[in-house]
Structure formats: structure tokens, C-alpha cells
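By written order: A, B, C and D. Residues from 1 in each chain.
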Amino acid sequence: MAMEFEKTLLETEQKIAELQALAEKKNVNFGTELAQLKRKKTSLMKSTYAKLTPWDTVQVARHNERPLIRDYINGMCDEFLELRGDRCFGDDQGIIGGFAKIDERRVMLIGHQKGKTTEDNIKSNFGMANPEGYRKALRLMKLAEKFRIPVVCLIDTPGAYPGLEAEARGQAQAIAQNLTEMSRLATPIIVIVTGEGGSGGAIGIGVGDVVMMLANSVYSVISPEGCASILWRDGTKAPIAADALKITADSLLKLGIIDEIIPEPIGGAHRNYTETLQSVKDAILKNIERLRKTSRKRLVEKRFAKYAAMGRYY
Amino acid sequence: MAMEFEKTLLETEQKIAELQALAEKKNVNFGTELAQLKRKKTSLMKSTYAKLTPWDTVQVARHNERPLIRDYINGMCDEFLELRGDRCFGDDQGIIGGFAKIDERRVMLIGHQKGKTTEDNIKSNFGMANPEGYRKALRLMKLAEKFRIPVVCLIDTPGAYPGLEAEARGQAQAIAQNLTEMSRLATPIIVIVTGEGGSGGAIGIGVGDVVMMLANSVYSVISPEGCASILWRDGTKAPIAADALKITADSLLKLGIIDEIIPEPIGGAHRNYTETLQSVKDAILKNIERLRKTSRKRLVEKRFAKYAAMGRYY
Amino acid sequence: MAWFKRQRKDSSGKGTKAEDVWTICPSCKAHIFKDEWRKANRVCPKCEYHDRLTCRERIEILVDKGSFHELHTEVTTSDPLSFVDAKGPYSEKAKAAKKKTGETESVLTGRGKLSGRRVVLAVMDFRFLGGSLGSGTGERILRAATFALKHKMPLIIFSASGGARMHEGIVSLMQMAKTCAGIARLDDAGIPYISVMTHPTTGGVSASFAMVGDINIAEPGALIGFAGRRVIEETIKQKLPKDFQTAEYLQDHGFLDAIVNRNDMRDYLISVLRYWNK
Amino acid sequence: MAWFKRQRKDSSGKGTKAEDVWTICPSCKAHIFKDEWRKANRVCPKCEYHDRLTCRERIEILVDKGSFHELHTEVTTSDPLSFVDAKGPYSEKAKAAKKKTGETESVLTGRGKLSGRRVVLAVMDFRFLGGSLGSGTGERILRAATFALKHKMPLIIFSASGGARMHEGIVSLMQMAKTCAGIARLDDAGIPYISVMTHPTTGGVSASFAMVGDINIAEPGALIGFAGRRVIEETIKQKLPKDFQTAEYLQDHGFLDAIVNRNDMRDYLISVLRYWNK
């Protein structure tokens, strides 16, 4: 997936690849040229990613090689026991969850599932969950509460699925129920927006004691395209809407909506899984360590106070 | 619906009706003859209903003019506010429920719904509830717990619906969930079997602090026909199975499964709604009065102990 | 009723024209005497169409006369993003809404009595920025819930909303969590919350406080749903059933306890609340 | 493993015949070396068919060697209705079942260890009157739950049952409520209960304790359902899908957390229980 704003960077990466291939084929050493190109690449990555616009950030957040929940599970967890089903209607793969071991910590890991292949994306509905997904998530959170382990939610969704069946089975009710129950769940909840934080579909598993965002993720009440087509009556004004909506991690930290930004490697999470996963893992472990010292009662009180303070009018 | 065992009684009733019609048409007084016939009728009702076999009782319990939940609502409650829906999938009319006022007592009334017309029966699926019905019932019970009012359950079902969709949406899970939650519901639960108490479909709303049966109702783990065709390999042996299964109120009181029998008028509930409804109403009010003196905690403890003692092996 | 008097004032004193005598029902197009329309609180006597009410009209026809006391007027709109769109700044838009409606947010909160029983009310007004869920809206609703909690009074919320308020961006989204947190606390204390959904209750409002009532009811015909009809049709590439997302549809699918005609609403709420045994 | 030894004893000591060397998989008809079949604990290596185990065989392959202690042997069948059917008295039938199986009820309960962690086990045996839910079964399961509650040990129940035990009539039905009441108390105390459904788990057992695990799992291919296939076909007058009421179907419909091969079961349970932070 080529992103317009990193055109020069991609060209440089292409050149490096070509030169390396050539060197191998001809068995020639282009050492000097390659070193120069690589220096150029690093410098371009730094400069390009230092001045991303909000709309650029949307592209990075949606990048089809960005790490997804299965990558976090594989790279970050020593064990993952998937737990399925809402005990009522189905098992939605738009949100998955299960017991997960991260170093010596055991948690309930829950998150939206996108796929990298079309096949995977169809299975998980492109990360757009149905009501069953939200209900399963809630069931697992209550299980975590009973088992006295923290909940970790990874958010990456364009939004809850806007489908006929989803409405019929109560998309609104399922999300509303989750917001209500998460506000009083007596176990720590750690939330990380890893890619797209799409509106109600995101916050439906997004109420937490600590809410973090990866540096190039976005979190918004509406997609920039949707907002542009409503308020500017022109979908192509999405970059302007993206700016106005303040959807980047920096803006949301300033607004007091999120608590922490997890840095991404230079050039974005999609260029370096190892480093990204390590940062996310560190952030999770650090916060578990911090939150486990708080009593359950106090935890719920503090969570309530946190959300009660969101958007105070004064 | 003509029941074989009361053939003579029905003939007498028929004669009375004919004579009355004739008297009206011809304007003649058949006073003496009528009085004699009516005495005969009363005597027949008494004698017939005094020696009902279990299989006869099954017929009475299933009689299509037996009072149904709508009759109890109309005749026994000063107010009924139906509450609908399982908040998940649908509103099943096989079980209905709502706030009900019985004299000065306010309760949550829940019960299976059968119909008297084919149309009504299709709407309510002949009293065979789907999982949604059991889930709605549970939701209403929890609402009653929150509102601190007693739950009254009226049981009258051939069984939970054995359908493809019912299985797919978790008939077993829904009933199991109800049994679990009813055992710890912190508000009084009064259960009355008014007609057919059909197996899992019955007990799915049948766990209570006091369980009563109308004198001619039945309550069984399997229909006599079903039992006969399995254990006798012959469905026509249902009368024998009915006897062996001990499904009548008398037998179940002796077995300690139910706590009380509510008498029926001579000739069965279908012959006298007013008296039947009054007896049921009295039984409900008396038990509410009794149970309201028990603390919520003690209530749940006693309910547990009651079910723990069911079927002790010694 | 008071709101009628206000309405009369609006239509000012000219000679009697046809439109002064008749109202045309927006749904069935029947001609209804204005007097009848008013007495029925804008419910069409032919087709039961429920026309919109302002928040104050609704309170007027609901609570015991003179019992209503507004609360939380100190809370009003805020502009956390300093948002400007094609038509100008959100702050101007909010100012215009205030001028147009005489209200200071999309919800009005207060305490009042229903046949003598003290209740807390939050009533949304669709005229105010489409009843959108701004931070002022969320704050008022949370304060109403907190007031109800403190005084052990039932909470009744009348929703009427297109959903989140885009101009407040993520802060609007957070109001969903904030209001639900208030409802959860009320529930923990065993205090009833009745949600009444009126036309329309969609998006972020349906997906938060509106859907988690101990009892969820709606006015007949009200549009209730999560996603917009057009978005759904574009997504699934098929036409939607005619009754889709109506109150009646929602009831059939298990999300509403009852559909209550506006003119029975007061009695219904009074009846229901009598079942709460504090 | 011990159960194999018993099995060998049953087939007594004649010369080596074909049936002594091969087992034919009842599902895929593949010829499997008996030795392989045994080592795989009667799981077909070709098609993953899970053949039945007795309750003791199951415990043998599950718990730490020598850690199992049977409990509640004082509870056995009772005949509350003095039931007699076409084939004679139920009490005779129960006696025959005891003789045939060497068990005294359709469930065996006890405590044991899983990789050192103390657990309470209740394992049903389909050979004993079709694993039906008698009053002895219910009493043993409730006692197991109560033991787990008292000692704060997780409870694991392996179900295998055709449902209620008709011969005990209503008393059998009441065991559904009784066992669920035990599960509820355990849950109130925050103690895990894992339900493992094996082939078949139907009727009154699926509609009671088997379906309300904190974690519900099943062996591959197990039949799980409320009503019988034939009853459903007669009711709805249509053929049922081939995978209807299989573990896989149940998982797709949201009722199972996982499907676990018998030979991974011990490890799976050990792993899961490590997530419980007492």
C-alpha cells in the first residue's frame, strides 16, 4: 500500500532493493552507493514521519501491513487461549479474546480483528464487529473479573458493523451495555488504540483505567471522510476534517482523553514489528504493575471519576 | 374438547342445555326435570373428579378451556403492564411477563402463554417457548429483584420448543442460566403449575421458594406419551406411563417436590374460572405475606437448602 | 396547556386563515383541526403519528403542575476542539442554536413530581443541534443521574438525538462512556432508570444511556437505531424493510418493553414507578 | 495406562486374531493398530473421532498419577417413584447397571491434582444408564460443588449424558435445579467451574450444569443439544443440517469457548486454571 506522503521514501527503498538485487546477481559490491542510499532512507523516514499531517496519520493507522491483533498475540504473548462465543447467538470474529500470558503476567486479551488477506478480512468482517462480538467481549471481561486478572483491549476498527442483522440484534444495545458494565468492572482495564479507533465500535471495548494510543494511530467520533461529507458536503475534504477533528495521539493526549502515547519506530509500526510489539508490551506490563496496587473498589471509583471529568464544560 | 372419562357428565350437561333451550323456545317450565338433571350433574362431577386417573388428569390439565395466563391476568390482576424482550434477539410470546397488581400487592408476573384460538396459539407457539422467552423471563426476574417485588411464575407448557432455531440460539443454555440465576435471586419467587408442567420448559421458570400446583395440573420430566414410546415402545401405553411417572399434584406433594396444592372447583378449573382464579389469587397473596417477612439473604439460603434436599438418596 | 399559548404567540395575530384552523399531519396528510391537534399534544388522531415536542412542552404535559425545577443550567455547550467547518465555527453554530431554541444545551434536566412522586428528568430537544450528544449534554445527564443517586429518586430520560456531536469530536464520543458510568452507579444503588426513546434516537445516544434503561420504552413510530439507513444500505447493498429501525421493529427484536402513546405516557410512568419498592 | 490393562483382561487370552491387532474406527472405518488406538486414548488418528471412555479411564489420563481420591461413594441410586416399566422395575435396572459398570451412579466424583493444583472432578459415565441424571447423580454433583466451595478448589465436570432419568420422574427434573444451585454458590464465591462436554451431552444435563461453566469446552464431534434430533425433525418437518448439534456447531453458535482434543485436555485444563488468581 503506497502512501502519497512517503513517495520519495518508497522510491528510495525501491532503489536500495534494486541495487541489492543487482549486487547479488552481478556479484558486485555497491557498498558505498548502498550506504549512501540507506543514510538517505533513514533521514527521509525521520523527516517524513516528523511532519505527518492528521490525514497522513490516518493512512499510517490504516496501513495494510500495520501489526494486527494476531501479530500482537504471536509476538507479544507466550500463550493465548482463545475463548469464544457470546453464549447467546454466535461467535463473532470481528472481536476476538482469550487468556493471554505476557511475560509472567496473565491477562484477558480482547481486541478487534482485521486480516491481511481478503479471506481473513471476510472472516473477521474487516474488524467491524457485530453485537455478538461486543457481547462476547463483555462476557470475557466478567470472566477476567471473576478470575482476578486484568483486561487488555486492543482497538483497531473502522467502526461497529452497520448491517441489517447487526441492527436487528442490537448493535446499539450491545455497545451501550459494554460501556455501562466496563465502567464498573472490578478489575484493571488497559486499553490501547493500535490502529483505527472508529467511533462507537472502538469505545465499545474502550473504557479503561488507562487508555493509550500508538503514536500513529487515530481515534475519532467519525471517519474524516464521513465528517467531510456531512459538514463540508464533500468527501474529498477528509484531510481538512481529519485536522479539525483532532484525532491524533498528540491531540488526544493534550485534550486529556488518553493517558499515554506509545512511541512507534521511525517510519511507522508497519516497518518494524519487533520494536512496536516490544513498546506495546512494555506499556502493558508497566501499567499492570501500577494498577495492581490499587484496590478493586478504588479502581472503579477512579475510573468513574476519570470518565466523569471527560469534557467538563468549564 | 370431550374427555372420554366424563362422557356421562357431558351428556348430562348437554341434556340440561337442550331442555333449557326448549323451555325458552316453548315458554314451558321444566323446573322439576331441570332440577333433577342438575342434581345429577353435580353428583356426576363430584364422583367423576374424585376418581380421576393420572391420565385423566393429564386430559384436564390440557383441556382447551382451562384458564390460561391471559385469564389469570384479566381476572386476578387490577393492572398488568407487559414488559417485552430479551434485550438481545427478540420478544417471545411463548412466555410473557410484566408488572402486575394483585389486590394491593405488586409483583412481577411471568408465565407461559397458550392460546384458545389457533391464531393465538401460533403467536405464542402453543406455550412452547424459545430461548428468547427464557431470557426475557430472567431479565424480568432481575428487574423484580432490583425493584424489590416478588416474582410469580405461572407454568403451563408442553415443554420448551424443540426447534432448529431454538437449538441454534441455545435452548439448553437459556434454561440452564435461568436455573442458576433463579437459585440465587434475592427476591421471593412463587411458582404455580396451572396446567401442563412440561419438563425443562417448565422448570426453566419453575425454581421457587414455594411451588404450588392446581389440583388437576400435572408436572413431569417427560410427557406420558414420550415416556411410553421410549420405555414401553408403545405410545398408547401413555396412561400406564402417566401412572408410573407420578405426575399429579397429590403424588408430587407426597414426594416433597411441591409445597402446596391449590384446590380446583368441582368439575375442574375449566368449569369455573371465578372460583379457580380466586383460589390462585388467595394462594399467591398468602404466600407473599408469608415470604415478605424473610430477609433476602435468608430467603436465598432457604431456597438453596430446599433444592439441595430434592431427591436425597437416603 | 402552556406550550400552546406560546405557539399561539408565535403565529401572531392576523385574520383567520385556513392554516390557522387546520394542521396537516406530516405522516398521513389528514387535515386535523388545530385545536384537536393541540389537545392531542401533536399526536395525529388518525394515524398516531407523533410530531416533535420541545423539551419544555414535554415536561409541561408530563409532570405535576408547577412541580418542575430546572437543574444544571450552569452547564452549557463548550468547544473543546475550537472546531470550524465549511459553514464557520461551531461556537457560532451553538450560539445560533441557543438563540433559536432558548435552550442552552440539547438536554434539559431537572426534578419534578409525577403524581406526587419525586423524579429526576432529563429531556432532550432535537431542535438544539439535532439533539446531538455534546459535552454539555453528557455533563447534564451525568449530573441528573448523580442527583437521582443522592436523593434516591428514579431517573427518567427522554431521548431525541441524531447521535454524537461531531463538532466536539472525541469529547462527544466520551460522553457515551460518561453517561453510562452514571447509569451504572444508579443501578448499583438499586434506583430505577426509565429510558423513553422518542423520534429519533440514533447513533451515540442509542448506543449509550438510551438503551440501558431498567425499562426501555418508546413513542410509536420513533426511529431508533445505531447506524443510519443510508450507510447500512450502502454497506449491505440491499434495500431495508419498511419498518426497519422503527419502535415497533425494536420491540419485536427484544429491545423495548413497551410502546407508549404520548398521551398515556404520564400515566404509564406513574404506574411503572409504583412497582419500585425502595 | 490402567484402563488398557483392564481392557486386555476383558478380551481374555486366546491366540492373536485380526481383531486383537486392529481396531476399526467407528467413524471413518479406518483400520488402526490397537496399540496406536490405545496410546491415543481411543481418539482416531485419521479422523479425530473420539470414542467413549469410562469415567475411570478419563480420570486416569487426566490427573497427576496417584492423586485421585474418590468422594461421595455413600451416595448411590435411589428409586423415589418405585418405578416399574415394561421391562421391569427400575431398581433392577439400576442393579444391572452397577454390576455391568462397577460404578454406583452415572457420575464419579473426587478430588485430584492437575500438575500439582488441587481440583474437584465430577466425571459422568455414559455406560451407567446412559449417563442419565438421577437423584444420586445430582446429589454427587452438588456435593462435589460444595466440596469445591469449602476447599476453594476449581470444579471440573465432564458430562456424558442422554438427559434426565425418566425412571426417577420429577425427582430427576429437580436435579437440574439442584445442580445449578450448587454452581451458583460456587460462582458467588469466585471459584472457577469448567464444564467439559463429551459425547453426548443432551437434554436435562445440557440444560443445567453442563451449559453454565465459566468456560465451556467440548471434545471434537461431541453431540450437544437440548432436544433429540428426531423430535426436532418431527416438529419442524424438515431435515436438519449435518453438523447440527455437534460441538463445532455449538461453538459457531456461541456456546463453547473451545473444542479440545482429548489428548490435549490435561494440558489445556492446567493452562486455563493458571489464569485464576485466587
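In this section, contacts are C-beta pairs under 8 Å (C-beta built on N, C-alpha and C of every residue); 3 or more make two chains touch, one makes a residue touch a chain.
Worth saying up front: this structure is predicted, and the values here are computed from it rather than measured.
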{"item": "Number of hops, subunit A to subunit D, where each hop joins two touching chains", "value": "1"}
{"item": "Winner on C-beta contact pairs when B-C is weighed against A-C", "value": "A-C"}
{"item": "Distance from subunit C to subunit B - Cα centre to Cα centre, in angstrom", "value": "42"}
{"item": "Centre-to-centre distance between subunit D and subunit C (centres being mean Cα positions), rounded to whole Å", "value": "54"}
{"item": "Mean-CA-position distance for subunit C and subunit A (Å)", "value": "34"}
{"item": "Rounded Å distance between subunit A and subunit B, as computed from the means of their C-alpha atoms", "value": "54"}
{"item": "Multi-chain contact sites of subunit B, meaning residues that touch two or more partners", "value": "87-89, 169-170, 173, 177"}
{"item": "Junction residues of subunit C - those touching two or more other chains", "value": "187, 253-255"}
{"item": "All chain pairs that touch each other", "value": "A-B, A-C, A-D, B-C, B-D"}
{"item": "Of subunit A, residues touching subunit B in the complex", "value": "87-89, 131, 135, 169-170, 173, 177"}
{"item": "Parts of subunit A lying in touch with subunit D, wherever the complex brings them together", "value": "79, 81-91, 99, 106, 108, 132, 136, 143, 146-149"}
{"item": "Subunit D residues touching subunit A - in the complex, by the definition given at the top", "value": "187, 190, 192, 214-216, 251-258, 268, 271-272, 274-278"}
{"item": "Complex contact set, residues of subunit A against subunit C", "value": "160-164, 166-173, 175-177, 179-184, 199-200, 202-204, 206-207, 219-222, 227, 230-234, 237, 241, 244-247, 252, 255, 257, 303-304, 307-308, 310-314"}
{"item": "Sites on subunit D touched by subunit B in the complex", "value": "75-78, 80-81, 83-87, 134-136, 138-139, 142, 164, 166-178, 180-185, 187-188, 203-204, 206-212, 224-228, 231-232, 235-236, 238, 240, 244-245, 249, 253-255"}
